[in-house]
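Sharing a structure here in structure tokens format.
Lettered A, B, C and D in written order, each chain numbered from 1.
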Amino acid sequence: MSTPALQRIPDGVGLADYEALARERMDPQAWAYFSAFAGKGITARANVAAWDAIALWPRVLRPVADLDLTTVLFGRAWPSPLLVAPMALQQLAHPDGELATALAAAAQGVGLVLSAQSSVPMEKVIQAVRGDAGRGPLWHQLYFQEGRAATLEQVRRVEAAGFEALVLTVDASVRASRAGVVPAGTGAVPSSASLREVLQQAPTWDDIAWLRAHTRLPVLLKGILHPQDAREAARLRVDGVIVSNHGGRTLDSAPATALALPRIAEAVGDALPLLVDGGIVSGTDILKALALGARAVLVGRPVIHGLAVAGAMGVAHVLRLLSDELELSMAQCGLRRPADADLDLLQASSQ
Amino acid sequence: MSTPALQRIPDGVGLADYEALARERMDPQAWAYFSAFAGKGITARANVAAWDAIALWPRVLRPVADLDLTTVLFGRAWPSPLLVAPMALQQLAHPDGELATALAAAAQGVGLVLSAQSSVPMEKVIQAVRGDAGRGPLWHQLYFQEGRAATLEQVRRVEAAGFEALVLTVDASVRASRAGVVPAGTGAVPSSASLREVLQQAPTWDDIAWLRAHTRLPVLLKGILHPQDAREAARLRVDGVIVSNHGGRTLDSAPATALALPRIAEAVGDALPLLVDGGIVSGTDILKALALGARAVLVGRPVIHGLAVAGAMGVAHVLRLLSDELELSMAQCGLRRPADADLDLLQASSQ
Amino acid sequence: MSTPALQRIPDGVGLADYEALARERMDPQAWAYFSAFAGKGITARANVAAWDAIALWPRVLRPVADLDLTTVLFGRAWPSPLLVAPMALQQLAHPDGELATALAAAAQGVGLVLSAQSSVPMEKVIQAVRGDAGRGPLWHQLYFQEGRAATLEQVRRVEAAGFEALVLTVDASVRASRAGVVPAGTGAVPSSASLREVLQQAPTWDDIAWLRAHTRLPVLLKGILHPQDAREAARLRVDGVIVSNHGGRTLDSAPATALALPRIAEAVGDALPLLVDGGIVSGTDILKALALGARAVLVGRPVIHGLAVAGAMGVAHVLRLLSDELELSMAQCGLRRPADADLDLLQASSQ
Amino acid sequence: MSTPALQRIPDGVGLADYEALARERMDPQAWAYFSAFAGKGITARANVAAWDAIALWPRVLRPVADLDLTTVLFGRAWPSPLLVAPMALQQLAHPDGELATALAAAAQGVGLVLSAQSSVPMEKVIQAVRGDAGRGPLWHQLYFQEGRAATLEQVRRVEAAGFEALVLTVDASVRASRAGVVPAGTGAVPSSASLREVLQQAPTWDDIAWLRAHTRLPVLLKGILHPQDAREAARLRVDGVIVSNHGGRTLDSAPATALALPRIAEAVGDALPLLVDGGIVSGTDILKALALGARAVLVGRPVIHGLAVAGAMGVAHVLRLLSDELELSMAQCGLRRPADADLDLLQASSQ
């Protein structure tokens, strides 16, 4: 695989067009893999519907000419509160795979969470973008499935490669498929492992405490929805929590992340930064997440759609449109910084 | 009818596929019989929608490697909280009828409630499965339509056959059809009896007290929705209540069982075990029922669909998939036993 | 027009089938007239949806063998709480028109409210049914549009014909059509009268008091939705109120009658009997109305559908099916009399 | 362009028909321009749905023969509470453009808010209608995009032309398009200006105070949704507020105006007159707006539909039908004047 070629984006394409274009261009099995959901799709649909159901109360005539998206995470300022969510096997969507995604994200000042199942080696991905001064955060996703020794080996490789945080996905030790149980970290291919074998290897809070003690990188837990779990994460001095239901791909009927986020924000306050993903497909969705207490936001499927349509150019375009929409909606709501968004934006207090 | 033949299940078939496959394969009249509902179908649709509307708040990083489905009913431990609901005339769906259903249920550790209108003699059904050490409970359903003497005769036959509990259906003394009134116990064929003739023969609470005094088997009442009726059942020392609206086939506008169950649980507390049926088609539906206070759960139409598609093999597959989904969703919610499910799973207290 | 011929009802036809059959058989303009609604149809749809949204909590094992529908209105017992709503110009639906409707209603023990715009003379209609010992109430509907003298003349004619109550429609002094304003009492044909001309002639509460003083027949007001208007009716010693929005044909956005009825019942208590119409198409709808405080219920469009399909036989069949459904649903809810229905049927108190 | 020709309206056309007819007759790009909405159309749909969801509780038997629509605005009585909303580039819909709209509005006693982007010069429009004794108010819309000097020049031209109030649109300093940022005042054609350049020029509350001090015309702010912004407008002695979300064309997820209006009414009381637009397509919608606290109401897309179908005659017909519906629904609710509408109409107090 050489440097990604620059592909042309069809004229007049907007955010709303990418999903349909991607479906046309992708291999049906790859489309099925990226658009899959658990069960009846209750959670997958609820993710989208819950953002849509939240109102934004705009403000007028406020000075916002110096609006910018600067976002502080773990003591460092980044150009944007956006990150690309960890998604496996991106070469299924486009031959340039994660390399294209990473280049595009860096070019747009957007962060990247590289999947544990990247189809491009992590070292190759990070070398391509680490030196970019305008880039966003570079984090790496892990499962904790093979025991502490194997996990630590993976952590050391991630640290050595230069990633800036570890994102431990904790909501998908196992999930269902038609053909049987799918343990985490095996991508699209079901394993023959029994549920109980998989559960034997699943991490617990003790493993989190152990991991926290064995790396100097910030550790984020991804896949928390219950306020009590967020509180436990804070108690164990985890560095961040990503409120997520795995895009509706694990437990069908898990609450929409837009419902879980404010309850977690209420439970943990400022104890640790919160991020969120799930059903976020527009700049207004992002702004609502910020108002509900997220410090930053992960975007998943829209990025895959951009990748499938036009490789790095498609990803860059999607991320640019999302960023533009976010800026525009902030301006329309009289906000100068992401951190200025709060619940009044959604509730319009009369005082 | 000889021993059921083993039929092949088409490749890649999942729970969601059985209904459509069954519709293709069944005689249209049989399909109409099993999928019928009362009136406008308000209750039939509400049953499904009410389970779907309930959220499950998953928990992460809890030790659940020893997860199992063991369920205690009437002092005995069974492998699963699942039972097959009583459904009449199963040979309409498949020539092996109730025999196939019973064999499949026993093989999967799932209980069986044999219908009073079994198309296979009850003795033949129970002999085929009673000796299976891994089987679930074997119960028999009764109506109480012909007076005490006839009912007692039937009870004695059920006892003699070796069934382990009596399930008295109390919500369907009569129901409507286009052609007139249908008294209970006559299956798909409307009778010419007038409503008043049927009501003359309908049982009352006095009959329940009498029955309770005339058998040593546990007696469950099936078809209770109103909390006051559940309380009356407890007062009369009935052994269990099955919260049911007859799959939406009797009173259209009866509440979804997912709405009635928690109100009954609140009314009767631990006075007697509660079971539930109606619209349960997935493992997450089952888990929600357990969280709302059900000790066990009856599954109806999905079993008929499995039966119609592939006889015993189809039933076994459907029950296996349901059990797997239940285990998986319990793992995703950090639960080790069915009895660990409670309202916090649905409401996510912040404390 | 001779005595209505007895038409055959197609085999297997149930309540749910009549609307589609009627649409096939009716002249498109007649269909449009009877199925018309105001504006966007918000109220017409809400009428149906509001009944559907109300749950009935069935009761089991209660003695209901002596169930009957006897209903007392203005001091006299009638066989049923059903009446046929006043609908104009029924010969548009079938050549036998109101005569067929009246004969069928009487044969089923159902009451009749003859429209002020009957296409058959009122004397001819009442003579055909008055002597029927098993019939329901015979009431006549009036508008009050032409001033007191003209109204009194009409009242005297109604009294002389032998009708047993006056139903004054008060919600449709005027309504809109595409071609202009339609004053009450002119049926399908718009008049050229201006809105203000129509309003000049519209009755007020003073006219009601005057009318109440000028007839010994019970006077009911039809078309009341606001609790304050019901209270005013009670204050003026009106004999009954029919909660109605004219089937969604007058003010679009008027509340569904299922929403207005309980508020009116709360406002006026037992001061006068309440009746209701609007969207009632099944026995469970009728039972819900009784539980919300209605003493009796008017059915409109289903009667027209029966009339269009098979004349008197069609009306009789529709009314029989509705009555059977009502009895059946009462039995399923453990009720012996219409008056036994109360809010607990809908709310299921735990006490 | 000469005096608009009188076009014939197809027979039997009602309000509900104009949208479909307009779509047939308009150039697809013009149709797209006038029916555009922001993002997913959440706000555009919510506008309509929110009016539909509000009930009107009719009153009966009240004397309303002297009903009229007289409406006082800024000390002067006008024949109607209706105004045509400011819409740009009306010649895209019909060659007679704003001239036809103005003539029709004046003929119907309806007010006009001429767009800053009128395709007919403002002087030509106002000269055609100013002398009409039966006309409604003549207001002019402005953006405030080019700085104070340019704005003041435009204000002086508007004053000189004889407009009676200034409507400053404050919710659309910038909006998104597929091709980039669209600054206010540029109609359908996106500009190449960056978001930040646009925001540099956007007005603030200081500019409003300055403008208020530099004209003797009443100044209304259009595009306010947040109660705090309405309160600020009152504090600065702005003369009126138009509650608007720009027809769902700016911030997607902005609340429906039917939700924002009562909150603003509660926040500012009688401090200044409130007007509203957004999704108003029927007389009952207008009446609901009056009941929620609007003094007058702006209608947009239905006017464009009328214009596209039949020029001035189409606009006049649409406005006549809306006025007739408003009068009729007021009569049905027992109201004699627009100002008599209040919250009891929507809530039906029992007292």
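Structural remarks
Just so we're on the same page, a contact is a pair of C-beta atoms (placed from the backbone, for glycine too) under 8 Å apart; a residue touches a chain by one contact, two chains touch by 3 or more.
All figures in this text were calculated on a predicted structure; none of them were measured in a lab.
Among the remaining chains, not one touches chain A and also chain B. Following the contact convention of this document, no chain is adjacent to both chain B and chain C.
For the self-contact between chain A and chain D, the two sides draw on mostly distinct residue numbers; the shared fraction is below half. Of all chains, the one whose CA centroid is most distant from that of chain A is C. If you average the CA atoms of chain A and of chain C, the two centres end up 59 Å from each other.
Annotation: 42 Å between the Cα-based centres of chain C and chain D.
Within chain C, not a single residue touches two or more of the remaining chains. Taken together, the chains touch in the following pairs: A-B, A-D, B-C, C-D. Within the complex, the chain A residues that touch chain B are 39-40, 42, 170-171, 173-176, 178-181, 195-196, 199-200, 202-205, 207-208, 221, 223-229, 232, 245, 250-255, 259-260, 263, 266-267. Chain C contributes residues 12-14, 16, 52, 54-65, 67, 282, 284, 288, 324-325, 327-329, 331-333, 348-351 to its touches with chain B in the complex.
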